[in-house]
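Each of the next two complexes has chain A plus one more chain, namely chain B in the first and chain C in the second.
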Partner chain A sequence: MSPALEDPVLAVQDLRVTLPSRQGRLAVVDGVSLELRAGEILGLVGESGCGKSMTGAALLGMAPGASGQVSSTSMRLGDLDLAQLDERGWRRIRGSRISMVFQEPLTALDPVFSVGNQLLEVIRRHQPFNRRQARTAAADMLASVGFADCDRIMRCYPHELSGGMRQRVLLAMAMVCHPQVLVADEPTTALDVTTQAQILHLVRDLARQSGTAVLLITHDLAIVEAVCDRAMVMYCGRISEEGPTHALMQFPRHPYTAGLLAAMPRLSPGRVEPVKDIPGSVPAPGQRPAGCSFSNRCERADGLCRSQVPVLHCADPAMPAAVHRHACHHPLAHPSGSATA
Partner chain B sequence: MNPDSPLLRIRELTVSYAVGRLAGFSQKRLQAVRGVSLDLHSGRVLGLVGESGCGKTSLARAIIRLVKPDSGTVHYRDFDLSQADATRLRQARREIQYLFQDPLASLSPRRSIGQTLLEPLLHYRIGNPAGHRARVEQVLEQVDLLADILPRYPHELSGGQHQRVALARALLAEPALIIADEPMSSLDVSVQARMLTLLRKVQKESGLAFLFISHNLAVVQQLATEVGVMYAGELVECGPVDALLHNPAHPYTRALLDAVCKPGSGELPALEAGTPPSPLHPISGCPFHNRCPHVMEHCKITHPHDNFLATATATGGKHIARCHLWNS
Partner chain C sequence: MPGFEPTNRVWQKLRANRAGLAGFMLVGLFGLIALSVALGWAGQEWSLVSGERWESASSEHWFGTNQLGQDIFQRAIYSVRIAFEIGLLVALTSTLLGSVCGAISGWFADTWADDGVVFITGVLDSIPFYLFAAAVAFAFQASAWAMQIAMVATFWTTTSRMVRAEVMRLRNRDFVQAALAIGLPPHLVLLRHVLPNTGHILLAQAAMVFVAAIKTEVILSFLGLGVKDGVSWGLMLAESTQEVLVSQFNNHLAAAIPLLLLLLGFNLMIDALQDALDPRQGSA
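Entry: the complex of A and B
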């Protein structure tokens, strides 16, 4: 089954998240459009402060702080128009049709309630189940995230579990109502490599089995390559490059993507490839350069880059699928030689 | 001191903590480090890897006696740190500097960076006060920071800058060994790459020895000349970085290598069953036997000893595995 042939479950056009400042409203997410299809895993990568988490939260109708604002030209979850939802409407679908897993599982769980209690609350809030049906659903869900002794886990409190177990509990809470979309914000960053592999396997299997579309937010390109079907690279609130994972990793066109790849240490027995950093750092929202926001860190930048904002366009016009797109005036050459100037 | 003798020689080091209610009176003890022996020669970089809770940090802290080991010895050059008096310990702690995992927490929020960086020079009476400013600026340049950072306070700096200030402070004490406990784990990829490049440069220029702790094998490979793998408080394998990554001898090292997402493969890493044994209830025999794919009957009963592997290595380093598979 190719997910690309179906209609998207989630389609967002021109998503913006703005925060007030002395210079007026600043866009921390600045015109992001994305589509997610059933069973698909989309990776969202970039450095800290690029707006990844803000984008993820905005998909659940959550604005940063009291004065943050989320807007978009269109935002649809299946047949539901998310742009029209009020707070009560959002509460009905959060956790049932679209849910989220956070980076730090200990702070996302309530320390004074048992795991079972917190899991049952999600079910009873969204499903018309009686107590016994809810318990069965909860136990089934815990079993499907790999717990053998579900009854004992249900009685446990968050502090009694290890980091990997807590993350699996959060995953169970997020998936128990079979949402159409799961936003996973750095779900494995706080975990060990072995536990990380376990959580990634779970996310992928759950997505494939239940048809849930996953937006996986991470700063680790190795994770994107291991589990994601497609990837989007984000810089300063905008998408700088997007495409099928393989194409993006093998033939990055945007210098920022190439920079991220060069900065990632690779485990290669026998030969060490020294990492290279990207000079400078991510500018604060008020201090972004005019034109391309990467222009002050990019060695290919010229006058055009510093004056005109590049738009996301097709990387290779020869490719009819037109799925690999980048926002760069002077992209890196494609090995097939079809680079545009 | 014999030039061939190691800078740091640890033998059978054991660290445990009292746990439970009334921890001071409790008989219950958590075995964090169990009989670790290792050598670190000057100018070498030993990467220490393992999962959380395997005792990496406890081992590092026991070296400079931030925790007191139960038994075993830690020899720095010629004296035994585990028995050293306060004066000797102070001297050794100047030469063995420690970079903590959370750089912000290791910098005083109420002192400017300039004050923080003068501290090691004043405390250890290094150089004469007239030359202090020049020395601080020299080290700042070495860690790619500008002198305009001196009047600023830690909260005004970024995570990468915190870590570089911490490194500058360590270098000002003119150490022979730097223990770096997960210095990268809180940094972004690009900042991490900059820090790795910087550490490599500093290490090459100054010929310092490093004990570099990380859970990320790919990061360790960037710097290390030797790698030690810890599991359940034990050093299960130790050897030159190429030998260990190419031909991992211990099944746990192999499992750890398999669990890393490898760029280029486009695949999810293999899954490994089970979890490490609880440090409160150590299991008999080899600590890895309940997860090991090569488990044999006597692995469950007898504890394996260190086996020297005959793999010839370019650097001539020893390759040791604590595993019954290599019993001769």
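Entry: the complex of A and C
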């Protein structure tokens, strides 16, 4: 059975995150829908400030700041209706069924407690283990993220570990209760390239082994290409294009995706195109243009783009609609020629 | 870090700090004296008139006697206990009060709770320090704890403001978000992850309050608002202001030198503790 036909582990419809401002409530995440299937890695790509991290936190029911609000028309984790959960209910889910890995391994661990202490805190919060069982589970988890001397690592304080080791510890903390969904918010951005690769492969292996669905938030398309099964491109709080990684990378339909790809440095021998940046920058939430939010940076934009918000629709009529979709009035042509203008 | 052994780290760092060890020994020595006074083993004859006025040091009266003929050594020893009582009580109480108020106000920044705490600390801080302490001690004169109340009322605000600033800084740190993301309720995050990270501030503040309390006791006792039932270095210094006029320095020195040594020892000890306990300072 292909992954696309399985029931999703997490299905979110029309997710919105709003923040108060002088012009009223601003939607920093504006109608994002996503589905995650067991063992799948979904990349969420976009520039800084496009709402990726807010989307990730919203999946844990965490609103930005004290005055942020999260809403959705439907949010289901397996049989559980997340939209009905109160704060207490969310606390039972967080860290056990949906967990999160943060960007900065340096600051995401509490500096005054040992690694073992923090790992045990997660376990004892969510599992009915006694002290000995919890220690065993912690040591086993550390072993499965690649530590050889788990007992020593448990006694270490965060500053005694390297960045890669800390990120492994955070990954262990996130995975120790065998969550159904892992949200990884730029997990490798703060690490050097070789460590990045190790951590990414570890995330992929853990996801495959445990059947955990991963939402991998990143600004780096190379990471998406390396580990993600599917990818979503986000711009100004909306999804501009989504599809299987190879389809999206080979035949981007949305000009923004194409722009991101052109801005990505490549060293493969066949491709020597110069790196091009996208003119302008991501507009602040209050200053987004009407219609397509990319219209002020897009060379294909016309009157339609500036007045009507494009909706996600099928990129290639020959393929099932769920596979590759984009939100553009004037998409780039598909090389097979089957594209509609 | 190959071959790194995380255990005994604190102990090793403490042992390597010689000034800190000297501080520990000084404070330990004074602590033993205070304990033996409290247990009734020493310094019990502080109020007994056991000699003539202004006897000089002898084997019977080690530091001589004062204007009334009381043994200065006995009084100096008894004062150690009083200093520890005041210092520890005021330091613990004002640190507790300051950390609770500061943590609440920092965590709930920009809410009414924060506004209230900031308003109160602002008002208290706007009154000159010794004047305020004297006024509170005067107002509570009937109580045996007047001086302690006065000191806690003035000292907790600094701790509160420092803890508030630190909590506001920590609140947005990733590990606090991460603690929320493992399903901890906010009050447990505050208690288990935010407050422990203010430990170095609390330790330093408590030490400063301990030292400040002993110094303030001198001034309040001098003004007649201090120790009532007993004797203290402050009372001894107050007595000695008349004695030094006629060149009798025994009482003055017997109060001033132990005071200096205890404060010095305490400061050295706290510096060493801070260096050893703060895991953030250990990174290479």
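Throughout what follows, the second predicted complex is superposed on the first by the 330 of 341 C-alpha atoms of A that agree within 3 Å, B and C clash if a C-alpha of one lies under 4 Å from a C-alpha of the other, contacts with A are read in each partner's own complex, and residues count from 1 in each chain.
Convention: a residue touches a chain if its C-beta (ideal position, glycine included) is under 8 Å from a C-beta of that chain, and two chains touch if they have at least 3 such contacts.
Here the structure is a predicted model, which means the values were calculated and not measured.
By the touch criterion stated above, A:128 is placed in contact with neither chain B nor chain C.
When the two structures are aligned on the shared chain, A:225 is found in touch with chain B, with no touch to chain C.
Of the two partner chains placed by superposition, only chain B is touched by A:265; chain C is not.
In the superposition on chain A, contact of A:157 is made with chain C only, not with chain B. After overlaying the two complexes on the shared chain, residue contacts for A:276 are found with chain B alone; chain C is out of touch.
Using the contact criterion defined above for the overlaid structures, shared-chain residue A:110 touches chain C, although it does not reach chain B. Once chain A of one complex is fitted onto chain A of the other, the partner contacts of A:200 are limited to chain B, with no touch recorded for chain C. Within the superposed three-chain model, A:192 lies in touch with chain B and out of touch with chain C [touch as defined at top]. Within the complex formed with chain C, the chain A residues making contact are 60, 62, 90-96, 99-100, 102-104, 107-114, 121-122, 125-126, 152, 155-161, 170, 173.
On the side of chain C, the complex with chain A involves touching residues 1, 4-7, 173-175, 177-185, 192-193, 196-197, 199, 279-280, 282-283.
Residues 51-52, 158, 160, 188-194, 196-197, 200, 215-219, 221-222, 242, 245-246, 255-257, 259-272, 275 of chain B touch chain A in their complex.
Remark: chain A residues 47-48, 162-163, 192-198, 200-201, 204, 219-223, 225-227, 245-246, 249, 259-270, 272, 274-278, 281 touch chain B in the complex.
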